[in-house]
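When the chains are written out, they are named A, B and C in that same order, and each has its own residue count from 1.
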Amino acid sequence: MRWLALFAIAALAVLPWVIGGRYVLHMSIMIAIMVTLALGMNLMLQIGQLSMAHSAFMGIGAYASALLTMKLGMSVLLTLPLSALLSAMTAALLGPVFLRIKGVYFVLLTFAFGQIVNLVFQEWTDLFGGNSGLHGIPKLSAFGHRLTDPAGIYSVALALALASFALVRAILRSDIGAMLRSLEADEPLSRSLGANAMAWRLAVFVLTAAMAGAAGSLYAHVIGFLSPAAFGFGLSVDLVVMNVIGGAASAWGPLLGALLIVPLPELLRGAKEYQLLSYGLVLIVFLLFFRDGLVGMVTALARRRAARASSPDAPTAPARADAEKRAA
Amino acid sequence: MISLVEQIVVNGVMAGLVYTLMALGFTLVFGIMRMVNFAHGELYMVGAFAALTLHGTLGWGYLPSVLVATGVAALFGAVIERLLYRPFVGRELGGMIMSLAVAITLQALAVIAFGPAEQSLARPLTGAVRVHEAVISLDRAMVAACAVVALVAFQLFLRHTRLGLAMQAVAQDREAASLMGVEAGAIYVRSFAIASALAGLAGALMAPIYTVAPTMGELPMLKAFVVVILGGLGSVPGAMIGGLLIGLSESVFATLFDTTLALIASFVIVLSVIVVKPSGLWSRAAR
Amino acid sequence: MTTAPRLELRSLTRRFGGLVAVSQVSFAMRPGEIFGLIGPNGAGKTTLFNLIAGVHRPSAGDVLHDGETVTGLSSEAIARRGIGRTFQAAHTFKAQTVRENLRLAALMHHSHGPAAHWRDRHHSKTERDQRCRDVAAFVGLGGLLDQIGGSLAYGQQKMLGVAMALMTSPQLLLMDEPAAGLNSTEKRTMGELISRMRDERGIDILLVEHDMRLLMSLSDRILVINQGKSIALGTPQEVQADAAVIEAYLGSDHELT
C-alpha cells in the first residue's frame, strides 16, 4: 500500500515536466509551495496547536528574501536559507511565551500575531511597499545563472516540497513522533516521566516556522511581487482546510489536501460564486462525517479489507489508529 | 466650536456601543458553549442583508425591518447551532474550524443571493444634532439609542428570567446545572439564537450607516474579538466595559494617527492580554 | 558521616488566594523507608503531594532531594532527578500497547528534549526492550505486553502506571492513592508490589493513601495532616494512639485500625 502511494506521488511529481507548459508548471510550483506550508501546519496540529502564525512566518521569509536580494544584492541561494533562519528565530523568540498558551487561546493569540505582522506589512510602505505591493523581486538565480525556465523553477519548488514531506513523515513515524503524540495525549503523564514538553513544542514551532520562511522566500522569487494580502488569515484558513480534507493524522494528508485545494480556484473559475460555496460545504461535510480526511477514509477502507481477509477478531488493533483523534 | 476631545469621546462611545452588541453575542456563546464562533460576523451580515431586503427592497418601515432582521439572524443562529455546532460540544478546536467553514459558506451564499458588490440602504434619519461641543449625526444617535435599549434589555433578561439564569448557571458549571434539571441542549440553541440576534441587530442598525456587502461582517468580527479578549471570554460585564474602551481607544488612535495603527494597537493589546491574563481583565479566576 | 535524607520538607506552605492549603509542613524521609501521608478529606494531602511532585510551586518553604533544593522545579525536572510519581486516576497512554507504554516511558525519560534525544540516539533497542519485559514481569503484567492500555482492567492500568514510573529508574517513588479505585484483591497485589519495590529494588516510597489499613500495614512511618498542618508523625502504632489524630478523625467514617 505504502509503495503504491509513494509510486503515485513520484508519478505526480514528474507529471508537470511531462505535460509541460507555463500554466501547468506554475500551478505545480504553487502546489509544491503550499505542500511545504501545509506540512508545517500538520506538524503543529500533531502537537495539538492550531497556529495562525505561520502565514506570518511565510510573509516574514518572503519579504526578507525579497529585500535582501533587492537592497543588498544577495543571491537567492543565500537569502532562502537566511529567510528560513529569520522566521525560525522569530519563532524561537516568541515560542517560549506563545507556547505556554493552549487550545483556543493559542489560536486567538497566533491570529492576533498574524494580524499584527500583516498590518505592519501594510503600514510600513517605505520598506514593504504597502498594499500596492513590493515589485521587481528578482527571479531565482544561482551562481550568476538566472532560472527563468518554469521547469527549472519547478525542480527547486519540488525539491523543497519533497524534502519537507520526507522530513515530516520521518518525524511522525519515528520515536519523536510517538513522543509528540503521547505528549499531546497525556501531558501530565509525559512530564511526570521526564519529558520536557516545552522543549519539544518549541522545536516543532521553530522547525515549522523555518519551513514557512523557506516557502515564503521561494514564493517571493517565483511570483516576483509581494502584497500583504497573500500572508493573511485566508492563507491560514486554507492550510487548515488542506489538513482537514486531506487528513491530519499523517504527512500524506496535507500533501493530498494541497494537491486538491490549490488548483480548485482555477478549476472552478467558471462559476466563481459557487467555488466559495462548494469550498465551505465540502469543509462542513468533512468536519461532520470525515474527521480523518481523505487519508483517513483510505486507511479505514484498507483496514476493513485487511480485516475481512484475516480473522475477524484482532485483539491488537494498530496503536497508530488513535493518533487520528488529534487535530479537529 | 467643536471640541476635539469631546468629539473623540462621542465617536468612541457610539462605536463602542455597537462593538459591545457584537462582543456580547460572541462572549455569550463562548461562556456557555465554550465555542469560538468565527461566523459571528456573518450573522451581523445576515441581519444587515435582511434589513436591506425588507426596508430597501420591499419597502417596509425601518424599525420593523430591524426587528424582523434580528429575528432572521436569530433563526439562522438556531439552525446553525443545532445542526452544525452541536456535534462539537467539548471539542473546542473542531468547533472553531467548523465555524470557519460556516463563515465561508454564509459569505458564499450572500454573494450568490445578492452579488458581491456593496449596496447601500437609505438612511432612516438625516441631519445632525449638537450635543455640548460635539456633533452627532441623528442616524448614529438612533443606532446608539437602540443599542442601549438592547443592552439594558439583555441585562434584565439575564438576571430576571428563568432562561437568563439558566444560561448563567450553564456558563458557570455545566454539570451542576444539569444536576439541577437544566437541559444543556435547549440552553445552547437558545443562547446561540440570542447571540445571533444581537449580532443581527447590530448589522441591521449599521446597514444604513455604511454599506452592505457579503464581507461586511469581517471587520466587526475582529473588533468583537478584540473586545472579548480584553474583557474576558465569557464575561458579560467585560464585554460591556471592553466595548466602550476599545471604541474610545480606536477613536483616539484613528483621529490622531490612522486606522491601521489603531488596529495594530488593538491587536497588540489582545496579544498582551492573552499572554498575561488569558481570562481577560474582568473575569474572576478562570476555571 | 550522615547522608542527606532522600526527601526533606522544610516549612512547606501553599496558599491559594486567601486559603492556606498546606501550612508549614516539615519532615525528612530516611533511606529505605516507606513513608505514608494521611489525613481526613480536604486535609491538604493532594496539595502537599503536588508540591513535592512539582505540579504546584510552594508559597513558602523548601523541598530538598538528597540534600539539594528542588523547590519550585517543574514536574519534568523533578522526574529527571530520579523521582517518579504515579497518579490517583490511572494515567496511561491508552491507545498504545503495554509494551509501547513502557517503551515510551523510557523514551520520555532519556529523550526528554531534542538535545537529549540526539545524545541518546545510540541506545540499545534490545536492551531497552528487555527492560520493558523485566519491568512488566515485575509488576505482574508480563503476559499482557501486547494488550492495548485502554483495554486493561482498571487495576491493571494502575499497575501499568507504576511500571511506567519504574522504567525511569527512580530512587524515590511518589504514589498518589495507589489503591484508589481498586478492589480488595487488587489492593493486596498493589501492597505487595509496593513492598517489593522497596525490598527488591531499593526504591524509597512516599505514599498518600486513603485506605487506612493498607497504609498502616505498609508504612514505616506516617505523617498525619489535618487542615494543612501536620498533627502527628511516627510509626503506625504511635500515630494510631495519638490523641490529636483520633480527634481529627472523630466523627468521620474512618476507623484507625
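Operating definition for what follows: a residue touches a chain if its C-beta (ideal position, glycine included) is under 8 Å from a C-beta of that chain, and two chains touch if they have at least 3 such contacts.
Not measured: the values here are computed from a predicted model.
Trainee: Quick one: do these chains touch in a line, a ring, a star, all-to-all (complete), or other?
Mentor: Its topology is that of a line.
Trainee: For subunit A, which other chain has the most distant CA centre?
Mentor: For subunit A, the chain whose C-alpha mean is farthest off is C.
Trainee: Go ahead and note the Å separation of the Cα centroids belonging to subunit A and subunit C.
Mentor: For subunit A versus subunit C, the centre distance works out to 42 Å.
Trainee: Taking the mean of the CA coordinates per chain, how far is subunit B from subunit C in Å?
Mentor: The separation of the two C-alpha centroids amounts to 50 Å.
Trainee: Approximately how many whole Å separate the CA-defined centres of subunit A and subunit B?
Mentor: Going by mean C-alpha positions, subunit A sits 33 Å from subunit B.
Trainee: Taking each residue of subunit B in turn, which ones touch at least two of the other chains?
Mentor: Residues of subunit B touching two or more partner chains: there are none.
Trainee: Among the residues of subunit A, which are close enough to touch at least two other chains?
Mentor: There are none in subunit A.
Trainee: Could you list, by residue number, the parts of subunit A that touch subunit C in their complex?
Mentor: These residues of subunit A touch subunit C: 175-176, 178-179, 182, 185-186, 188-197, 199-200, 203, 315-317, 319, 321-323, 325.
Trainee: Can you list the residues on subunit C that touch subunit A in the complex?
Mentor: Interface residues on the subunit C side: 53, 55, 74-76, 79-80, 84-85, 87, 91-97, 100, 104-105, 107-109, 111-117, 146-148, 164-165, 167-168.
Trainee: Would you tell me which residues of subunit A are touching subunit B in their complex?
Mentor: 50, 97-98, 100-101, 103-105, 107-109, 111-113, 115-116, 119-120, 122-123, 237, 240, 244, 273-274, 276-277, 279-281, 283-284, 287-288, 291, 327-328
Trainee: Can you check the complex and tell me which residues of subunit B touch subunit A?
Mentor: Answer in residue numbers: 34, 36, 84, 87, 91-94, 96-98, 100-109, 111-112, 116, 222, 225, 229, 233, 260-261, 263-264, 267-268, 270-271, 274-275, 278.
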